[in-house]
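Note that the chains take the letters A, B, C and D in the order they are written out, and that residue 1 is the start of every chain.
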Amino acid sequence: MFPKLLIANRGEIAVRIIRACRELNIRTVAVYSEADRAALHVRLAEEAYLLGPTPATESYLRIDKILAVAKQSGAPAIHPGYGFLSENAEFAAACTQAGVTFIGPPSMAIRALGSKTAGRDLARSVDVPVVPGGRADTDEEAERSAQTVGFPLFVKAVAGGGGKGMRLVERPADLPAALRTARAEAQKAFGNGSVYFEKRLLAPRHVEVQILADTHGTVLALGERDCSVQRRHQKVLEEAPAPHLDPALRARLHEAALRLARAAGYVNAGTMEFLLDQEGGYYFLEANTRLQVEHPVTELVTGLDLVQLQLRIAAGEQLTLAPGEYAPRGAALECRIYAEDPFKNFIPGPGKIIGLREPGGPGVRIDSGVYEGWTVPTAYDSLIAKVSTWGRDRSQALHRMRRALREYHIQGIPTTIPFHAQILEEPAFLAGGVDTTYLDRRFPDRPHAWSEAERAVAVVAAAVHASRRRPEPPVGPSGPAISPWVLAARQAAIRRG
Amino acid sequence: MAYLVTSGGRTYRVDIHTDEAGVHVHLDDAAYPIDVLSVGPALYSILLDGRSYEVDCVPVEDAWIVLVDGQPFRVALQDETALPQPHTMTVTPKAAGGTVIAPMAGKIVKVHVAVGEEVAAGAPVCTLEAMKMENELTAGSAGTVEAVQVSVGDTVRAGQVLVELGDGSERPPAAPSAD
Amino acid sequence: MFPKLLIANRGEIAVRIIRACRELNIRTVAVYSEADRAALHVRLAEEAYLLGPTPATESYLRIDKILAVAKQSGAPAIHPGYGFLSENAEFAAACTQAGVTFIGPPSMAIRALGSKTAGRDLARSVDVPVVPGGRADTDEEAERSAQTVGFPLFVKAVAGGGGKGMRLVERPADLPAALRTARAEAQKAFGNGSVYFEKRLLAPRHVEVQILADTHGTVLALGERDCSVQRRHQKVLEEAPAPHLDPALRARLHEAALRLARAAGYVNAGTMEFLLDQEGGYYFLEANTRLQVEHPVTELVTGLDLVQLQLRIAAGEQLTLAPGEYAPRGAALECRIYAEDPFKNFIPGPGKIIGLREPGGPGVRIDSGVYEGWTVPTAYDSLIAKVSTWGRDRSQALHRMRRALREYHIQGIPTTIPFHAQILEEPAFLAGGVDTTYLDRRFPDRPHAWSEAERAVAVVAAAVHASRRRPEPPVGPSGPAISPWVLAARQAAIRRG
Amino acid sequence: MAYLVTSGGRTYRVDIHTDEAGVHVHLDDAAYPIDVLSVGPALYSILLDGRSYEVDCVPVEDAWIVLVDGQPFRVALQDETALPQPHTMTVTPKAAGGTVIAPMAGKIVKVHVAVGEEVAAGAPVCTLEAMKMENELTAGSAGTVEAVQVSVGDTVRAGQVLVELGDGSERPPAAPSAD
């Protein structure tokens, strides 16, 4: 096993990786930008090195600087986390060239699956269905493809992920503009302006399969996750196993994921994402060649530590798990806590956390990148923590999540906790098996009180609080002028997962 | 200390008096037997008639979101001392004239308007990048741009004035609904 | 299921029970003393009622007041937690008489097992070995028994538990004084001055079996816990399963526990404690007719929620668990965090918690009764929190515990966290299977640094901290005079477990 | 600000200078390139030569327990301004004469000594009940009881003087060892 590991990331995922290393007696090397001297991952690591200024392009995305720290600290391996350089084949190759082990698949596999069109071609080559679509390299090709695919369709970036360079096009008339803006956005985000088309499926479910592959030819499917609870194509809440999934379909999905991984020469942890339509059909969507944000739900039901397994695989160890050793037990949920204001169109709300009370007790897991006194910076992703619960069945996991959300108090900044609490009261979600359009249909607006009984308590509490501490929000005419402008947050995030 | 508090379409009068024994509350002029204890910077433990509540106060732009055992209520406050007719007024956010203010720190990546331009309600004014997201600031009402204080590439603080607008021909829409 | 439950307890166990109820949609009724208005259990419950002044005798031990609250709030059931009234047969009977369900065994079973001598008689009647001993109701009987049993021996209270009324007697000459003080202590603590003798076994292990029995005749043994890591007869750290336990002996222990439970007509959760000698012998020690402090380790390896099962049993539900559904998976540890100063002979250190950072990540569970800003009162037990870890094997659970202890920061009061951290570095403990004398032999003194490398960092940090905040501990001659007296804490606690 | 700090049998001189750029430290008169950041009321994040430490400072009776990544070091501090010969002194707790002080709030359940009585080192002086435990306060050195300030049943505060003692014939034992 590696004596030392560099973690080329920040936030909760860097903390997650540090924890895995500490349990394996691996020394951890954190890297950080100027905004992150006091960040939790810097505090918890055994070593920490400054990369550079706050912008990720000058710190967390600088391959040269990260490899220099690896050399300086003598770290023989690098874990990229998710986001940043995690799916960058060039980075994986540069690590190899520098004699440093990249914790992830070989750069070849990243390339084979990182290009969405290459991934689709690979899927077809092993008889895995893909969402109907077509290439759109030139305007002429785009026009032809659009006619074949039909409207509405998605324009998507070939090099893409996380919604960048993605446009929903309802009518042929809107196509030229959508192509133009999507190409520009893709060029800016990925240095590659190529786009392609995908048919928009009607109300599909998003189900993905966790893959684990070693360097000795063993490839395992560690069960699936349902990530259909999405807000504007961003995952909000995930669960394992996928509820009400037909066992035969589940087996087909696992089998398809294994075929894809084998065809790509995949090694280490990865995820094959699928869409399920209402008629029992399934379609390969894309591969994520790295650890997922939502990996804890798989860990909770299998009892495995995916990060430790990633490290073992990268160190050349052989996977010796029998199927009975990773069969799911019970059910797990994860809520992603974002520093966003669910009462104000989910605009990001960075700022200082003045109070933090985390839930505890049975079946609750917190993966957090923040602490009381920490100021959430504006420069990075707004995902600050994840709360996951496990139960003997889905119902117990749901009830535990409800309880955990009630115990979770993040003071000083708005978070999505009340939004999650509201979802956990939704009959359709509680019944299980909602599709990816559910949340946006059900919550065009912000969360709201679902009972009137305690309004007087709220009224009095606000007055008491205002009497104690004046500034913060405006109290009547003496406060700062209220803007008459409404803010509409356009979520064009580079969030991964 | 007295407040007019609006929530759920109703306005309450809340009087707060604090002494060594704790916080005493009158609600709409009647003593309200509530036991309020601060257990965090913006967190209260409340006992009332045997019921126990855990209450978070979260500031939002023009009001508070008060979470009572996790359940959100939108509550707007007005300090009574500032009111001419405390018992008859309802709370309306000041919405006339106005400026577009940065709701958070970030970088200006686009400015959609120029001085003298007439903008319609809902029209984008500028785009602010923060936390890896582009946030479009749009006009809540029509108006005329009087000044543009920022350029593309500027880094702005939360609360910084970005664009100033003169009164448009239309009045701003009604105050945001409570809930 | 009960629509509402009164919790006749405080601290972490009251919080634990509230959590179980919230997940079952049972409304919770907290009771509290004047010292506990701001306590976490009062905050988290749905209802809360003041019992009376701070002393437990005027609040948490007042059967009349508690039943009055049950009536007032309309709670049809009461959970007693551990300690306080949990093993009080009179309370159980009073509940039944008042038409309130007592969450625990019938008062008859409490009486049958609550008297230590009755428990020993019961064990002998079903061929379960007991520690050699004898009655000592009168001075004459005591003298005869002592000769039969031999020295060293323990004087123990018949009605006892938790070390109250217990004396180790090394030589016959010390017996009269020990009898006198033990009887007085037992009289004061339990209202019953009767004592008996038990031979002191040489370096035994303490292993206990978790029992669960319903009202339909099903009695289950949910595996064992090893609680041999004790400091002056107080449990410090527990684990499940017991390491290096011979499978045949394990089966015998489970079988003996089941026989005892059946013979006592036991219902609900309970624990049969055994001592194991070095020769493979086992001896019934005593029964705990309630939920144990250390129940989380059993929950972690079985996936069961023992408190929820207690409630289901009390509501008349039938246990339908197949053996495969509660077979232990992996291993779990629990460290009891006390508000005591391990650097000053473990004297209790009540006071205000000015900062609290709890560990998180995979496999970590926190059961805490405190929060940042809470002042730990002097009136009650010093157990403030429990940290438990689960791992696929004992080694992973141990490594996770080490990591969790490093992430755990309780500021403002001394705690036993550094003591636990030190135990987790001990080769003999890490190897597994230490006996109950191990900790006192190994740690006659306080924890100490196990490496010199970071002493300069400690020196500089202390100076920086002193320069920031003057008061608290004395800095040189200007501080308060230092007492020349050494404090020796005599741990005669009524801690349960 | 300068301190003499004793730990592990050695005494260090630590100079602390704080400005806008942060905390600057000299250790034994040489600049010490340590980056200290406060991340909690008694919690620090320290970077030194690429190493990262999480450090807790826990007050104990006459010193600090400093936990460096969980590892405890006993550290005694002396403010340099109070020292005549800062570089040669070692830190010794003031142990002459003295009083028995309640180490925590609680109830006196036993008083073992009377005025005029000679007590040996280690002899019990009184018993204090707190947190359901009886804590026996014993003499660290021999002496003569000059005053008993409490009776059985008294509730005492932390720091309250319980018993006063005159100098015994023996000197108190050496200062507690550092570690």
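Couple of notes before you dig in:
We take it that a contact is a pair of C-beta atoms (placed from the backbone, for glycine too) under 8 Å apart; a residue touches a chain by one contact, two chains touch by 3 or more.
A quick note: this is a predicted structure, and the numbers were derived from the prediction, not measured.
Note on interfaces B-C and C-D: more C-beta pairs are in contact across C-D.
Spacing of subunit B relative to subunit C, judged by their CA centroids, is 49 angstrom. Rounded to whole angstrom units, the spacing between the C-alpha centres of subunit A and subunit B is 31. Work out the mean CA point of subunit B and of subunit D, and you get 51 Å between them.
In subunit A, the residues touching two or more other chains are 44, 355, 357, 371-372, 406. Counting partner chains per residue, subunit B shows two or more touched chains at residues 40, 54. Applying the touch criterion to all chain pairs gives A-B, A-C, A-D, B-C, C-D.
Interface residues of subunit C, counted against subunit A in their complex, comprise 15-16, 19-20, 22-25, 44, 296, 299, 303-305, 329-330, 355, 357-358, 360-368, 371-372, 392, 396, 399-400, 402-403, 406-407.
Residues 35, 37, 39-40, 45, 47, 50-52, 54 of subunit D touch subunit A in their complex.
Touching subunit D in their complex are the following residues of subunit A: 30, 37-38, 42-49, 72-73, 371-373. In the complex of the two chains, the subunit A residues touching subunit B come out as 339, 341, 343-344, 347-351, 354-355, 357, 378-382, 405-406, 409, 411-412, 414, 417-418, 421-422, 447-452, 454-468, 472-478, 480-495. Across the complex, subunit A is touched by residues 1, 3-5, 7-8, 12, 14, 16, 18, 23, 25, 27, 32, 34, 36, 38, 40-44, 46, 48, 53-75, 77-79, 82-83, 91, 93-101, 103-106, 122, 125, 127, 130-141, 159, 172, 179 of subunit B.
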